[in-house]
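The following pair of complexes shares a single chain, subunit A, combined with subunit B in the former and subunit C in the latter.
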Partner chain A sequence: MLFRPGALVAATMLFGLPASAEEIVRISGWGGSEVAIVNGLLTNVLAEKLAEEGIRVKYEPVDGDYSQFIINGLSAGTAPDLFYVDTFWARSVFSAGQAAPVTNDVSGFAANLLTAFTYDGKLYSTPKDFNTLAIHFNKDIFDDAGVGYPSDDDTWTTLQEKLVAVNKSLPEVDGLCVVPEYARFGAFALSTGWSPFDARGKTVLDKRFRRAFDFYTGLVKSGAAVMAADAGHSWTGGCLASERAAVAIEGAWILSALRDSAPNMNLGTVRMPKDPESSKRGNIVFSVGWTVNAASKVSKAAAKVAELLTTEEAQQWVLEQGLALPSRTSLNDNPWLRGGQPEQIASRVVLEGLSDDHVMPYFFGDVGGSWMQPINAALNSVILGEEDANTALLSAQSAFDRMLAK
Partner chain B sequence: MMASMPAAEVSPSRRRLPAGALRRRQLAASAWVYLAFLAVATIMAGTFVLAFIASLKVDPLERPFRIYFDQLNPAAWVAAARLGREGAGDALWGGLAPGANVHFSVTYAAPADARIVEPRAEIPRRRPGSGIAAALMRHYAADYASIALRSSSSATKQARDKRGIRQGWQARTFVYEITYRSDRHNGPWIERTPVNLTAPTSQTLIDSPISPSRSERRGRLLSWDNITPGALGLIFNNYRRVISETADLQTGKSLIGSWLGNSLAIATGRLVLTLVVASLAGYALARLKFRGSRLLFAAALFSMTIPAQVTFASNYLIFRDLSLLNTPWSVIVVFVASANVLLMKQFFEGFPREIEEAAIVDGANRFQVFCKIVLPNAKPALLVNAILAFQGAWNDFFWPLVLITSPPEALTIQVGLLSLRRSFGGVQGDWGLVLAGAFISIVPVVILFVLFQRHIVSTEFAKGTT
Partner chain C sequence: MLFFAYAIVRTAYYSFTDFDLFKAPSFVGMSNYTALVSDELFLLALRNTIGFSLIVTTTQTVLALGLAVLVNHAVRARGLIRTVFYLPSIMSSAAMTLIFLWLFQRNGFMTAIASVVLAYRQHILLFLVGMAALQGALVLNARRSYEGISIFDPFFLLVAAVGALALAASCALAGLLSVFDNNLLISWLNTQRHFLFMPVTLWSVALMNVFTTVPTLMLLFLAGLQSIPSSLYDAAEVDGANAFQRFRHITVPALRPVTFAVVTMGVIGTLQMFDQVAILGDAAPLASRVTLAYYVYENAFPAGASSRIGLASAAALVLGILTIAAVYVQKSVGVKEKGE
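Up next is the complex of A and B:
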């Protein structure tokens, strides 16, 4: 066949015209397991629809400090057109007028995911997915130790007894790796009925908080746990993956980490233990939302991409890949969630965490993530034995009083 | 006057040694000095060598640290080459391709009173959990390959039990055959062939062509990430992964390649700019007498005391307003030239003034003197400046981190390494890949030093700095 440059130019012009009308939407989110989710959606599920809308998506995952990346980018005018915001720092973006309100119908989303994304009565982010905490455990360790598996009926006390028994039977294994962070401890505090903010908007570290605090910080002393850092890990899932600990308190995000570091683990997942006094469960909801950059030149197209990324069809694909949990309530009955595979069970349990007795979003109003600092400092100093609980909690209470004095 | 003392009365420490003993003592002293130097060199180079060894390992953090493992074991290289050839006809890089017929043998041992059972073998569908590999992986060996036990044989081996007592253990060797399924003969080439073997903990694996990647389920399950690696695929698996698993999702191009290219462009740009500015400014400060020259010199000196972080915000805003953020130009021009200027000034001040005056008498103007007389003679100082500027730009972390944040392919190698650390090193614990990336990042600077080491270590360096 002869090469005909003229024909090629004509064809290029003909087919090239619609391409030139394309709107390019830059989107970004964090790296890690998120890359597979977003890229999979864009290439496997939404490619045709995006083409129909005349939108080309340029996806830029960020492996660095994501919040810093976005906040710097928004200040400098280099932020992408569509990006994630996490519930606990979303307010700083909304209050600075850097996000465009979401105008889509969001009636299909779980109501308790929308709280943190609402500011001044307007919704500024479309919930992408969510997570709650659950107890993930290594069945082989419990089998070898001759200790019964953790169960949905466990209270703090019975779970602690099981963890101590595991450590006694298998000294090389610890029950749990604890981290001195509200992001894990908070679920225990909430189960007592304590709330981060009382009716006057103050944080009061009352007797209920103290009970949960004493339990959590006492896990190490009782032999049920070890500090994660002392075990050479930065999170509870790292200890579980390396078979150093029998259980981990994490969300469904642990599944992607286990695929890399312990792909064959005989994994079990149950709900968070109940407070033995109140017989209630507490949990924290972690969520991320798609947010349109208010300064974007293609904000309409960006909003359309956000809408497509969170449609029921898209979320069903994400769910069935075992990648994340949907934010749309209609997918709660999806058949995939009733399966018996460890990943399906873990996802189901994490989904059920949304309807625990005392569930709060990982969100601290206008104060933002710094609200957690006094509690984290108190947990750390008591677990390390640097201070007693009385002193540490007095300091924390003073810090909250100062922080919320306005 | 002191009377001479008989030799017998001289204290032993002051007595002259026989020549042979003196020679031995000198040799011993030399040997100790030599060993001391060797020890220092080993400690200095040893950390580097250990880090490189660790970068080859599946788990660089393993404790205790071993220096004898498959990636450094010639027997494993030979086995990996055979497995790669049987898997895809490629003894170097291996894989699994249509027509593959791989034989993989494992030997388990157990005390005489225990029974050795056949391990349950499977080719798992191993999905990467994170990073770009999770998004890019399309083909899984589990969809195309089958595994079956081909033969087994028994033997007795001498082994030590837990108490260290030698006794005869029974051993059984199982040979598995992994084949590319005949009904999928048009299937793709697949990079990795993972295998899982599950057996009771009462029996121990004592031999396999290549070692398992990890032991899971408290010793019940042995897991190989890839049994058809090929020799180079086995040794440089982390290096292969850091190139293939850091790819741009849109173009498929390796990100680490882009990062190296960006660093090279930025370092070269900064080198050129440094040479131009430093030589012109250094010459002006050394030779030209103008109002405020002393003040300018003092300002240049003072500017060396200001950390980059102090000027970060103002520089950032200027680059934002010039629309230079996220471009290499911002990092090229945001350099502190004071040190380089002073280096050149010092050199020019030492340059004989008479030569310049002779040129001026011959009719040359100041710029001609600079270009045609001074600069050609300033090669040592220029070379030192160039090397320092290149190395400084290559290793710079702060400014690229602040000024270039997106897209991912626009980063420099040093910031890219941070991205690798966050993506693979944190909760994933995949430090082998991060270390491999770090070693790739030093290659250009090592090449630079190898090429110019003669100039760096010779007296030329002294000429430039004094």
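Up next is the complex of A and C:
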């Protein structure tokens, strides 16, 4: 059979098909509430623009171990064209040469988020959104207990006093659920001015660290808190949602969980408490960026999709859904963020956390997540009463010395 | 065989290289193996794995055999009993682990049982002593009239249990027994404590593992038991052999091929135990739950760091060699492939 170009053009005109073929961009992110965000963006905000660009997006959300899925996919050559990279494991992708440098204009993004995604002087991810830690609390519990709400002016000590008072007044409610993890404790350690790595790249558990450690592990003994596991929960937000605890230390991700499990909660959110000695606040930044697969055959189209997914318009939509915090600084003054609804206040407080005194990304260099294990083990054993702080921190320091000597 | 050989050769090759899944592997000689020997976590994983394997393989083999004998002797509703005992093994290990996670919480079901036992220890002790005394008295009395009454006679056991329960209840009502207050919070999983040679966490995982594997192994023993000719037992009974002697000299030797299969499967399964400790995740400290298979995974996919495929491959080979050695040792110390 002869090929007749004229027939193809005629068929295209007749059936309304585009003359040029669409480029298909496979994108991937994690499952859960993220599916609603990305699907919403693609269908409600970006559908027309994507069509104009001749791009069709094939979205593949992943439930389970997302980083493992991406690493496997990259090594096997089956990874999507555009995917999330968390600051926590970004370096393993960047250093392996699996990410294409960002090509679009990123001048409007928060500077410290760009730093988190920069490797070897090049930016490899467009920051999608971010989170910091904040104090979320149930106002009704504090009202019932006759205790003043947590406030932005709280220090560790005043917050602890309020939590103890809640538990004394309402014995069935604990002030806070603590988890023996750096992901929450770290904010307290950082507020003292302690840094995870010193100038020589070593981890030193000094007096400042010890002060934060004693405070955090002492919360249970003082009656201000209970171990989350003992309350039947794996995170502090679970305790807040079930009204087992008055307070949770989480990021804005708690909002979607509360929307599902405690939609009528009278929620309040304030900033992390200050260290009473340094009068400074510490915080941890959790961030994710869109990254173009260096081996993608449609890398230009993938970069365009990343750009569209993080435009001001797209981030405005995500923000107004109360789903995530924008990484563009121009949205910091967004009218939605100045609103008085609990979700608006919580988002504003989490946004303000980015400018706390001592803020560090949730990232531990080449060591990765193993870095947290000595601290987590020490927190766990002291909170459980299996070891005293001296013994636990001595073991943790030895573990760091061995780990960072390699 | 082709896939197996390919995987082995490739793993052996990577174990002599520095490889992160992306850059080309570079030859590093024996350094991955020397790194393993000097890595405390690897040595811990090795110790935990061997301890776990010994405990679980022994316990599950003995329990499976005992349960199979029990089910084989059941006259009525044998099918139902077999089904009931087999039920735990049809659940996925992920689901079972999540259930056990709930049971093993510090203030969960297991702690509640321990708490009740401690609180009512006087009642329990009196019940046990009373039951033993009553059973003894009933059996001795019966033996004066009839021969061959077993010390475990089921009817007398039932009567003794009811009598002992009445005794304990009477003493409790009379205020002669104390109930001890306790506010127990036992860390079954989230702990760094050790019991004997193994972390408490792994003892709890061992219990979970035994619970799920015994039913399947029981079925294997049951099939083996039903293939033993009853004429052997009849002849032994005529010769005056008691129940234990029949078990020792007929059942055990005849079941050797099944025992070999059961122990081999047990050794392989326990040495490569991964899913239950992986699901535990942050619910338990790493040092308390790390096994060799998990160590391999942790190095192949370290959280937030580049893959260490060379080290993971070296550890995987050590695990493979250990498994082959364990199977060979258990075969050479008396568990034979052929029956007698």
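We take it that the second predicted complex is superposed on the first by the 386 of 406 C-alpha atoms of A that agree within 3 Å, B and C clash if a C-alpha of one lies under 4 Å from a C-alpha of the other, contacts with A are read in each partner's own complex, and residues count from 1 in each chain.
In this text, a contact is a pair of C-beta atoms (placed from the backbone, for glycine too) under 8 Å apart; a residue touches a chain by one contact, two chains touch by 3 or more.
Note that this is a predicted model, so its numbers are computed, not measured.
Undergrad: Would you sort A:221 into first (subunit B), second (subunit C), both or neither based on which partner it touches?
TA: Neither partner.
Undergrad: Examine A:363 and indicate which partner it touches, taking first as subunit B and second as subunit C; both and neither are also allowed.
TA: It touches subunit C, and subunit B stays clear.
Undergrad: Touching A:74, do we find subunit B (first), subunit C (second), both, or neither?
TA: Only subunit C; A:74 stays clear of subunit B.
Undergrad: So, does A:89 touch the first partner subunit B, the second partner subunit C, both, or neither?
TA: second
Undergrad: Does the superposition put A:234 against subunit B (first), subunit C (second), both, or neither?
TA: Once the two structures are laid over each other on A, A:234 reaches both partners.
Undergrad: Report for A:243: first if it touches subunit B alone, second if subunit C alone, otherwise both or neither.
TA: A:243 contacts subunit B only, not subunit C.
Undergrad: Go through the superposed model and pick first if A:97 touches only subunit B, second if only subunit C, both, or neither.
TA: second
Undergrad: Could you pull out which residues of subunit A sit against subunit B in one structure and against subunit C in the other?
TA: 234
Undergrad: Touching residues of subunit B toward subunit A in the complex: what are they?
TA: Contact set of subunit B toward subunit A: 124, 126-132, 134-135, 196, 216-218, 220-221, 223, 249-250, 316, 320, 325-326, 405-408, 415, 418-420, 422-423, 426-430.
Undergrad: Which residues of subunit A touch subunit B once you look at their complex with the stated criterion?
TA: Residues 28, 31-33, 35-36, 39-40, 58-64, 69, 72-73, 76-78, 80, 140-141, 144, 234-235, 237-238, 241-243, 255-266.
Undergrad: If we count contacts the way the header does, which residues on subunit C are in touch with subunit A in the complex?
TA: Interface residues on the subunit C side: 20-23, 40, 105-107, 185, 187, 190-193, 282-283, 285-287, 301-307.
Undergrad: How about subunit A: which of its residues touch subunit C in the complex?
TA: Spelled out, the residues of subunit A in touch with subunit C are 65, 67-68, 71, 74-75, 88-89, 91-92, 95-98, 181, 227, 229-230, 232, 234, 363-364, 366-370, 373, 376-377, 380-381, 384, 386-387, 402.
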